[in-house]
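Two complexes follow with chain A in common, the first pairing it with chain B and the second with chain C.
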Partner chain A sequence: MSSHSDNNEEFHYHAPGLQHQFEDMKQQEESVSIGMWMFLVQEIMFFGGLFTAYLVFRSRYPMAFAAGSNHLNAFWGGLNTLVLIVSSLTMALTVYYAQKGNRNMQVILIVLTMFFGSVFLGVKAIEYTDKYNHGLVPVSGWNKRIKEEAGDHHEAAKPCWDVDHNAPVVEHPNPHGEFQWTDCSLVKLAQDHNYLTDAERVGYFNQGTGQIDANKFRDKVRIFYFIYFVMTGLHALHMIIGLGIMTWLLILAWKNTFSADYYMPVEMSGLYWHFVDIVWIFLFPLLYLLGRHFLH
Partner chain B sequence: MQNVDAIGSGISEQPKLNYLTNGFTLKSWLLTKDHKRIAIMYLITVSLFFMAGGIYASVIRLELLTPASDLVQTATYNKVFTQHGILMIFFFLIPSIPAVLGNFLLPIMIGAKDLALPRINLLSLYIYWIGGALTIYALMQGGVDTGWTFYTPYSTTFSNTYVMAVGLGIFINGFSSILTGLNFIVTVHTMRAPGMTWFRLPLFVWAQYATSLVMILGTPVIAITVLLLAIERTVKVGIFDPSIGGDPILFQHMFWFYSHPAVYIMVLPGMGVVSELISNFSRKKIFGYEFIAFSSIAIAVFGFLVWGHHMFVSGQSIYAGLVFSFLTMVVAVPSAIKMFNWAATLYKGSISFDTPMLYGLGFMGLFLIGGLTGLFLGAIGLTVHLTDTYFVVAHFHYVMVGGQVIAYLGGIHYWWPKMTGKMYSEFWGKISAMLVFVGFNLTFGPQFILGYLGMPRRYASYPEELQVLNIFSTAGASVLGVGMLMPVIYLLHSLVWGKPAGDNPWMLPGLEWRTSSPPPTENFEKMPVVTWEAYEFGEESGLDLEGARNRVRPSTVA
Partner chain C sequence: MSDNHEQHEHMNIPKYLAIFGILVVGTIATYFAATIDLDWIFPGANTLLALGIAFTKTACVMLFFMHVYWSPKLIWLSALASFFWLAIMFSYTMQDYFTRSLGVFSS
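== the complex of A and B ==
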């Protein structure tokens, strides 16, 4: 490769940052830009598979999804939405100041963007911990183990749909760290008002007795939490990669690399960052907000 | 232009350095950003995977020589056909033409120095190696027996083979083809030489562009599907397990949403190669350029709308089946457009039966059969009888082997003089092309009848009355195997003892024939300016092709 680039410099004048295969900066910028957009297209298809799975199961088991959704904390989700939107603003301003060649503003804004990104991940960690404590991680053994205490069985007599939502939260024993879900009140509600889907009529009820089957309903809520964890987990992974990119940008900005002639890395990183934000803009209502009116 | 005189003499002045002589160290290969070197490394790896897949194929055919399952145990047989499929599809067919021929030729054909994103190109090679190594490792550890389709819930719950490792290998490998596709799209958009308008692009480039669209839009979906499958298999929860309300059919939808378009990844590039071969070896401007170009795009688009025809008997709604059946008929139209245009190109052309052209014509015949039998399978009534029989096996081998592999071999022969600067033995080339054609038909022709008679796929044993046809098939496979091995020998032989090919051995007008063989690292001595239309054999091409052809008739022109 060395002889390759040597050859090159003999023949052409090269602007700084211009790679050998391009004739001029405009061609390079166009190429990088189209490449990034194509990358985002494939990202959309990647998340698209998950959104499809969400759509299929939501339309099949709307009550289980509403029940699961109601256990997510819309405050934390809303806060995270706000945090990400602000981080998009700081990112967009970074691009602006990179074009102006203003090193100090770039550094400040990149640090701010990274700060907001980290806040987002921190909130996500709080939420995941909460799910861990409440037996809502959909994997056996991955939840907090709570020992069974004697005299804890009086609840079992009540049917699973008879739940007082204003009562203080009781810790259920969970000796094996299983996924736990005991509240079938939404199924009862949908049954009484006659809006169960066909899949729900089969999926929530004991086919022998015709009664609501708490375990079968739990499995459907578990599907919601599975989708929740995969979607937000992959999104968080993209955030972490985004923070890595921001670190790289910070180093380049610190060295005062960017100017009106050369700012593509900032713009491309910005595109990625905004994309990850937009994914969250879809995740938040789908996971946190849809179906809240049933209980709130 | 620069090579007018060189054509006559057959050999041009050697340039200072070509891409092969520009550095000999291992580092100069492994860290190269030169698309041609990356293509050569792809060529070697892809060939190794092809041979590995071929060994599995020969085990399958040997097992099916007799009705009883005697050569391998049935459980082993399950692994053998699974691994044959996985290696051939994910590690040979999908990267074959795009990553080898596309990588090498696409930038040269549009007059660029390199692909737009050379580092991404190298990254895609490494991702391919990592995915391939992981898969090979899993196969050596014990392999996988789910069929290449990984249908749930067998793959998630019951199979105790190395589903995870192979799945991960395929997941990783997918990003290699995404990056290749991304690179090609960017390159075609921004790297065309002055004067190289969209409608002057060789049809090979159009086909690569359409393929790249499918790679970018389809591959991420299989990635997320395999990821979900892997999570479900590891942590024992997920969305595909029917016992907790999950949906195994959803897996099939998501799988085929990629894997049907992937079928077009496995044939569109072949169509691109054949467009080149048919026009160039008829020495006639291709008939209906725009139609062939846009039919590639149409295939890429419609290819995304027909995945349900793999699921006619798996419990999808009858109305969905009707729609998918109709759309399957629709997607046959652009393929037919190509066939008619190639036939019209041949008409009154000055056809020379060189080795690449033999492959090109072979493709037309085999793809015709493969395509038409696809319509049988797309017909919603008949398909119930034919689903999961050898009819299906024969059909997709006619398209994938008769289509893509034949086109790939044709392309390798066609551009071999450009890639290596050496001419292979035309005599052995023709012999092997004909052996491949005969052997292929003998292998897979009887399988149509076997399938029609009801022999199911994926079984190690079968009723005795089907043995005669199976013997034909196995005999054909051995002829096919010989035909496929011969190019390895005479092509490698030509590297050392082959005659120097000259810059333009076939006397053709394309841009790739206007640089030296092998091309220099930057592809052209100076930036070409294109003033001629694609497949221009007259004076407008700026080359006196006919004059040169009359002065020197190389041994290749009979």
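== the complex of A and C ==
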């Protein structure tokens, strides 16, 4: 490239995309891939720490996790999984057409990838709004405030495990925007079938009366929502960064930069995009589906 | 990535679509498998099945979409080592938590 403008005695052929520190394209491509994979490995460890937190708390409070998970909308989660898989396909095809040097198909497919990435984030926004409206954001004061009206306390008489799942959803007053959870039916189910963990026997029950303690159970469900928001939030952040990378790639593809000899930026961006897809492949069953089989 | 110009022939559009099809089927299977109660086999069988499908999908994405299958040994090693280190992190953490006495941070 430009750095080789000095007067060499013999002529060196340089591929158009070759950086001066590399011998040839093959060495450059291998170095670039290794670098990208090292980055992805540390990303796996980064998300791995969060999965470890998930593992620790779910193994202690499986029913609280199942209860929290069943409130997530599996349709939106499943739709988002499919949307990401389609975006992974368009990304893989972008690499394919970059290797062929087909500028128009690259541009079309990058735009499609960005479109599906944006759809994913849009669905995520719908879901987060739903959590905000229903008092499920695990931080006090970050939920929708619903004013308490006179004579609202008529439902307090019913025990928290006696829940009619077919009844219409009632809006509970939430004057301070607190995290709210009123349904302990899964604790009752696990108690009746005798599969509470030791931690749950301590963590869900009032040690004086031996009854299910709605407040203690709520705090365990809250742990699930902390993990849900941190994991999906960091995943969404990766999607936003991915959209930034796609914008850069779109500009390069528009300028017809890539060819059979030089397509590594597309390939490496593809690796990142597929990695983000893989994280979601695990998040979907582990966050949205873990308690579905308790619903009959 | 041993030979640049041969690599173009490794994947073609029908193959990409086939992998895509496997991923879509896997997603739908994950959903329906989660609605069936498999606890009669052993508690947690649902989660194990879901993880099995997820790892299969991950293998498809990594091998074919991320071209690991045709990559140098060092790339294979990096990809596998990351899961190996994850396994160490999970197992060492859990052997701590599973062997703690009750109430350490339960109530």
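Just so it is clear, the second predicted complex is superposed on the first by the 281 of 296 C-alpha atoms of A that agree within 3 Å, B and C clash if a C-alpha of one lies under 4 Å from a C-alpha of the other, contacts with A are read in each partner's own complex, and residues count from 1 in each chain.
Assume a contact is a pair of C-beta atoms (placed from the backbone, for glycine too) under 8 Å apart; a residue touches a chain by one contact, two chains touch by 3 or more.
Bear in mind the structure is a predicted one, so any value in this text is a computation, not a measurement.
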{"item": "More chain A residues in contact - chain B or chain C", "value": "C"}
{"item": "First, second, both or neither for A:G78, with chain B first and chain C second", "value": "second"}
{"item": "Which of chain B and chain C A:D219 touches, first, second, both or neither", "value": "first"}
{"item": "Partner chain in contact with A:I251 - chain B first, chain C second, else both or neither", "value": "neither"}
{"item": "Partner chain(s) touched by A:L93 [first = chain B, second = chain C, both, neither]", "value": "second"}
{"item": "First, second, both or neither for A:G35, with chain B first and chain C second", "value": "first"}
{"item": "Which superposed partner A:I281 touches (first chain B, second chain C, both, neither)", "value": "second"}
{"item": "First, second, both or neither for A:Y195, with chain B first and chain C second", "value": "second"}
{"item": "Which of chain B and chain C A:V56 touches, first, second, both or neither", "value": "both"}
{"item": "Which superposed partner A:M45 touches (first chain B, second chain C, both, neither)", "value": "both"}
{"item": "Interface residues of chain A shared between complexes with chain B and chain C", "value": "30, 34, 38, 41, 45, 48-49, 52, 56, 60, 203, 216"}
{"item": "Chain B residues touching chain A - in the complex, by the definition given at the top", "value": "17, 22-23, 27-28, 31-34, 112-118, 120, 178, 181-183, 185-187, 189-191, 216-221, 223-225, 228, 231, 235-239, 244-247, 250, 254, 521-522, 527"}
{"item": "Chain B-facing residues of chain A, complex", "value": "1-4, 7-8, 19-23, 27, 30-32, 34-35, 38-39, 41-43, 45-50, 52-53, 56-57, 60-61, 138-140, 142, 179, 203, 216, 219-220, 222-223, 226-227, 230"}
{"item": "Complex contacts: residues of chain A adjacent to chain C", "value": "25-26, 29-30, 33-34, 37-38, 40-41, 44-45, 48-49, 51-52, 55-56, 59-60, 74, 78, 81-82, 85-86, 88-89, 91-93, 96, 99-100, 195, 198-199, 202-203, 207, 216, 260-261, 267, 270-271, 274-275, 277-278, 281-282, 284-286, 289-290, 292-296"}
{"item": "Chain A-touching residues of chain C, taken from the complex the two chains share", "value": "1-2, 4-5, 7-8, 11-13, 16-17, 19-20, 23-24, 27, 30-31, 34-39, 43, 46-47, 50-51, 53-54, 57-58, 61-62, 64-67, 71-72, 74-75, 78-79, 81-83, 85-86, 89-90, 93-94, 97-98, 102-103, 106-107"}
